[in-house]
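The same chain A turns up in both complexes below, where it pairs with chain B and then with chain C.
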Partner chain A sequence: MLNNIRWLVPAKQGGDSSEDREIVVSSRVRLARNLSDFPFEIKLKVKDSERLLQLSRSVIERDCPGQYIDMKELTSLERESLLECHLISPAFLKMNKPTGLYLNEHGNISIMINEEDHLRIQGLTGGLNLTDISAQVFECEEEIGRDLEYAFDEAYGFLTSCPTNLGTGLRASVLLHLPGLVFTNEVEKVLRGALQIGMAVRGLYGEGSEIKGSLFQISNQHTLGLKEEELIQTIIKLTHMIVDVEMKARDAIFTKAKHEFEDKIFRSLAVLRSARVMSTDETLNLLSALRFGIGTGTIKDVSLDVVNEIMLVARPANIQLYFSQILEEHERDIRRAEYIRKKLGGNEK
Partner chain B sequence: MLCDDCKKKPATIFFKEVLPGKVTELHLCEACAQKRGLMMDKKLSPFELLQKLLQKRSAKDEQVICQVCYLSLAEFKRQGRFGCSHCIEHFRPYIENLIKQIHQSSKHVGRRPKQGARKSFKVFKLREELRRALEKEAYEDAAQIRDRLKDFGVDDAE
Partner chain C sequence: MLNNIRWLVPAKQGGDSSEDREIVVSSRVRLARNLSDFPFEIKLKVKDSERLLQLSRSVIERDCPGQYIDMKELTSLERESLLECHLISPAFLKMNKPTGLYLNEHGNISIMINEEDHLRIQGLTGGLNLTDISAQVFECEEEIGRDLEYAFDEAYGFLTSCPTNLGTGLRASVLLHLPGLVFTNEVEKVLRGALQIGMAVRGLYGEGSEIKGSLFQISNQHTLGLKEEELIQTIIKLTHMIVDVEMKARDAIFTKAKHEFEDKIFRSLAVLRSARVMSTDETLNLLSALRFGIGTGTIKDVSLDVVNEIMLVARPANIQLYFSQILEEHERDIRRAEYIRKKLGGNEK
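Moving on to the complex of A and B:
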C-alpha cells in the first residue's frame, strides 16, 4: 500500500559512512536559484509566475526526468504528506501563486518551482551521504543552468530573494538521532558547540519545530564566503565528531545501567508490537528507543529500513494516504497502531 | 577537574590568556565563566541578525530605487527580500555592510553558473516576442522573429 504515497521513497543504504546510519538518519542539500529574467517572488505577478512555471517545467522535464506535480491539483492531505516526507517546505504551501514540484526518477531530488526563490533544488537521502547527494544536486542544477540563466553577481554569487541565502544558495543538513547525549544531559553542550562554529540546530521539522524522539537537525547558517565543498565538509566533520561523543555517551550508559537500558528498549518494542492506540509523538519516542536498540546491537530482528519507513508513514497525513481514508485523530491513532503492529510482526490476537 | 573559582562544579570552560612573559590559565564552570564575563553572548543567527539590521532606517531609503523592478530600499528593509536580480546593483553601497555582518564575508568564492548554450531560453524569449508582435499585428517584425527562430531549428508557424 506504499504506492498510495507515490512520492515516498525509503532511504537507501550507503554513503560517506553507512555504519552510522542509525545515528545519522538522513542528509539533505538544497540550492536556491533564481532566473535572471524574471522578477523575484515579491515582485512576481501571477501571470509571470505561470510563464516561469511553464518555462522551468519544460527545461527540467528534459534535463532531469521524473514526475511533475501541479500543486493546485493535490488534495490538502497530499500536500501535507509532501511536507511530512520533507519534499517541500512549509513556506511552499503558503505561496499564493501557481507552484509546481518536480521529483526525479529515483525520488531523491525534488525541485520546488515558485517558492521564495524561483527554484529550490533539493536532494534527500538516508545516512551520512552529503558528498554523494550534493554531487547529484549540482549535476541537476548545472543541467538546468545550461538552458536557463541564473541570477548571479560577481561579489554576491547566486542572487536570492532573502539576503541570508546569497552566495552559494546552499543549505546542507543532517538529521541526527542522539538518545545517548539526551540521556546524559550533554546534548545541549554539544549542540551549543555547533552553534559557536556557525551551524544552526533545529528539531525534526525545521525552524521553530520541537525536539522529538531525540532527533536534531544541524545545518550551515552562512552561505557566502565559503566554497560549497567547504560548507559540506564542515558539516561532515562536525557530524563525525557528534557521532563520536554520542557513542561515548552510550558506552557510559551501558557500563552503568546495561539491564535498565535493555529493559527500556525491549519494553518499547513490546509496546510497538502490541499497542492498539498510538499517537504520533508516542510513536516517535518509542521508535527512538527501538532505533537505539538496533544501533547498540540489542535488537537484532528489526531492520533500520523498517524503522525509517514507520517514522515516515506513521505521520498524520501519510497514515491516511496509506489507508486511503480520511481519518479523525482518534481513528488515526488506532490505524497507526495497526500499521505498526503489521510492520513489526506484532501481536494480532 | 573542579572549577578554579567555586571549587565545586566541574570545570567545562578552559581559558588561556597569553601576554608577553605571562600565561594565565583558568578552568571554570559555566556559571563562574559567566560571572567573569568570559562567556560569549548567544550568537544571533543570520536571519535574526538580518531582522535586527533592517530596523536601521533612514529618510533617504524611499529615494533609493531599483531601476528595473522599482523596489525601494525602504521596501526592501520592510520585507527583507530583493525584488529582482538588479536590486543588488542599485542598493549595493547601502547594503554592503549588512551583508558583511550577516555572512561575515562579502565575497562569493563558490561555484559559478556554467555558460551553456541557453538555447531553450532564447527560443522561449523569441516566442514571447513573436506572440507580442502578432498581438500588435506587426507582421514584418513577426516574420523577422520567425527567421531568428529558424536559426535555432525551430519552425514556429503558430
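Moving on to the complex of A and C:
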C-alpha cells in the first residue's frame, strides 16, 4: 500500500556515522533560480508561466531524468502529502499559476517549477550529508543552466524574487534531534549561539512551524556575501559542535538520571507498541524518545530506518494515502496507532 | 522473598462470580468488643493493659489458633506493612500501651488487642463474601466470649469506647472498583445515594484516605438499632445495585468509546511491563486500568490474583520487606518497577 505514496522515500542514506544519523536526522540544500527570459513570478502572466513550465519541463526531463508531477492533477490529500514529505514548500501549494514538480530517480532531488522563484532545486538526504547532497544539487543546476539562462548579476549574483535569497540563492539546513539538550534544559543556550552566527532555528516543518519532538532545523539566514562552499562548511562545523554538546548532555544524563532516562525510553516504546489511539504530536514525541533510545544503544530491536519511515507515514495526509482512505481525525488516530503497532511489532491481542 | 512478609496473604478467595471479584475487590467485617472486667481504654492503666493482653492472648490462642505478633517486637517497617495489608488500624500503631495482634491460620481473621477497644476482631476476604466472612468473625467472637465476658448492656447492646460503635460494634465494608462510573462521571451520583441510606464512602485506606485508583470503600455508619444480619444484608444489596450500574456504565463505554477504552487499558499494561521508575500512586492507577481490562475480558493473559498481589506488595513498606532492604523513596520507585515487570512478564532488555 505504501506505493500509493509514490514520492515517499524515507531518507535512508547514511551520514558520517550512525551516531550522526540519529542526531542529524537529515540534510537539505535548495537553490533558488530564475530564468532571465521571463519576468519574476510577481509580474509573470499566467500565459507566460505556462510557457515557462513547458520549457523547464522539457529541459529537466532531458538533464535530470525522473518523474514529473503536474500539481493540478493531484488531489488535495496528495498535495498535502508532498508537503509532509518535505518535497514542496507551503508557498508552492498557494500559487495560482500552473505548477509542476520534478523528482529524480532516487527521490532525493526535487525541482519546483513556478514557485516564488521560477525554479527551486532541492536536495534532501538522511544524516549529515551536506557536501554530498549539495554537489548533486549543483550538478543538476549546472545541467539545466546549460540550456536555460539564469538571471544573474555580476555584482549581486543570482537574482531572486525575494531579496533574502539574492546572491547564492542557497539555503542549506540540517534537521537535528537534540533530546539530551532538551532534557538538561540547555538547548536554548546552544541554539542562541547558532542565531548569533547568522543561522535560523526552526521546527520540523521550517519557517513558522512549532518545535516538536526535540527536532530543530538549523539553516543559513544569509545568502549574500559568502561563497556556497564556505556557507556549507559553516553549517557542517556548527553541526559537529552541536552534536558534541548533545553527546555531553547525554553523558550527564547517564551519570545523573539513568533510571529516569531508561524509564522514559522504555515507556515510550511500550506505548507505541500498545496504543489504540494516537495523535500526530504524540507520535512525534514518542518517536523522539525511541530515536534517543536507539542512538544511545538502549533500544536494540528497532532500527532508525523504521523510525524515519513512521515519522513520515504517520503524518495526517500520508496515513490516509497509506490506507487509501479518506479518514476523519479520530479515525486517523486509530489507524495511525494500528500502523505503528504493525511497524514496531506491537501488541495485537 | 515474599515470606519476609509473613502476614501478607493477598485475598484469593473468590466471590459470587468472577465479575464480582473484579468489581468487589474485598469484603471486610470487624467487631469492637470490650471486656467487662477492665476499664475502657481511656481509663486503663498500663499495668492492667498488660494483664488484659496476657489474658486475651491465652484465650485467643486456645479458641482461635494462629500466630501471635507482639507489636513492640516489630520494626517500624513491619508495623507499617501490617497497616498496608489492612490487618491493623492507624490508631493501633499510635497506642502507648502494650498491644498484640492475632492472625488465624488462613490469615483472614485478625484480632487487635488493646486498640481503642479491648478487642477488635476483623475478617477480610476477596470478592463479595460478607455473609461468609461475618459468620467466621462471629464464630470467633463467640468462642472468645465463652471464656471472657464482654461489656454488654440490655438496652444499648455491646458497649464501646466510642459511642459511634455502640450496639452491634459491627462495621462491615466492601472495597469497590468502579472505573466505569469514574470514566462516565457518574460515580459521585451513585455514591451520594449510598450516603443517603446511611453508608460511609472512603478511599482504599479507610477514614481520611484519598480516593485513588477508582477504589471506593463503602461501610455502615450506624451500629445501633439494626440487627447484625440486617446490616450486612443492606450492604450486600447496595453492593449488587452498584455493581449493576457499574456494568451499565461499562456497556455505555463500549458503545461510545471502545477505542479510547482499549487504548487506556493496553497503554496501562504496557507501561506496567516497561517502566523503570514507578510511584505507589501511579501503580494504583495503572493497576486499576489493568483490573478494568481483566474484568471486561480485554486483557486475557494477566490474572486478578496477580493484580491483587501487586496492589499489596507494591506499597511503600511492603516493597522494602519484599526486597529485605531499607530503601529511600527513589530507590523504592526503581525496585517497585522492577518487581512489577517481573510479576507481569515485562520487558527486561
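Convention: the second predicted complex is superposed on the first by the 344 of 349 C-alpha atoms of A that agree within 3 Å, B and C clash if a C-alpha of one lies under 4 Å from a C-alpha of the other, contacts with A are read in each partner's own complex, and residues count from 1 in each chain.
Going forward, a contact is a pair of C-beta atoms (placed from the backbone, for glycine too) under 8 Å apart; a residue touches a chain by one contact, two chains touch by 3 or more.
Bear in mind that the values here come from a model prediction, so they are computed numbers and not experimental data.
Novice: In the superposed arrangement, which partner chain does A:G145 touch: chain B (first), chain C (second), both, or neither?
Specialist: first
Novice: Looking at the overlay, does A:V277 come into contact with chain B only (first), chain C only (second), both, or neither?
Specialist: The answer is second: A:V277 touches chain C but not chain B.
Novice: Under the stated touch criterion, which partner chain does A:A200 make contact with: chain B (first), chain C (second), both, or neither?
Specialist: In the superposition, A:A200 contacts chain B only.
Novice: Between chain B (first) and chain C (second), which, if any, makes contact with A:I42: first, second, both or neither?
Specialist: First partner only.
Novice: Answer with first, second, both or neither: which of chain B and chain C does A:H106 touch in the superposed model?
Specialist: In the superposition, A:H106 contacts neither chain B nor chain C.
Novice: Is the number of chain A residues in contact higher for chain B or for chain C?
Specialist: In the superposed model, B touches more residues of chain A.
Novice: Tell me which partner A:L226 touches in the superposition: chain B (first), chain C (second), both or neither.
Specialist: first
Novice: Applying the touch criterion given at the start, work out whether A:K256 contacts chain B, chain C, both or neither, answering first, second, both or neither.
Specialist: neither
Novice: Would you tell me which residues of chain C are touching chain A in their complex?
Specialist: Residues of chain C touching chain A: 259-260, 262-263, 266-267, 269-271, 273-277, 300-301, 334, 337, 347, 349.
Novice: Please give the residue numbers of chain B that touch chain A in the complex, ascending.
Specialist: That would be residues 12, 40, 42-43, 45-47, 50, 69, 71, 79-85, 87-89, 95, 98-99, 102-114, 116-121, 124-125, 128 of chain B.
Novice: Under the stated contact criterion, what part of chain A meets chain B in this complex?
Specialist: So the residues of chain A in touch with chain B come to 34, 36-43, 51, 55, 58-59, 62, 116, 138, 142, 145-164, 166-168, 170, 189, 195-196, 198, 200, 221-228.
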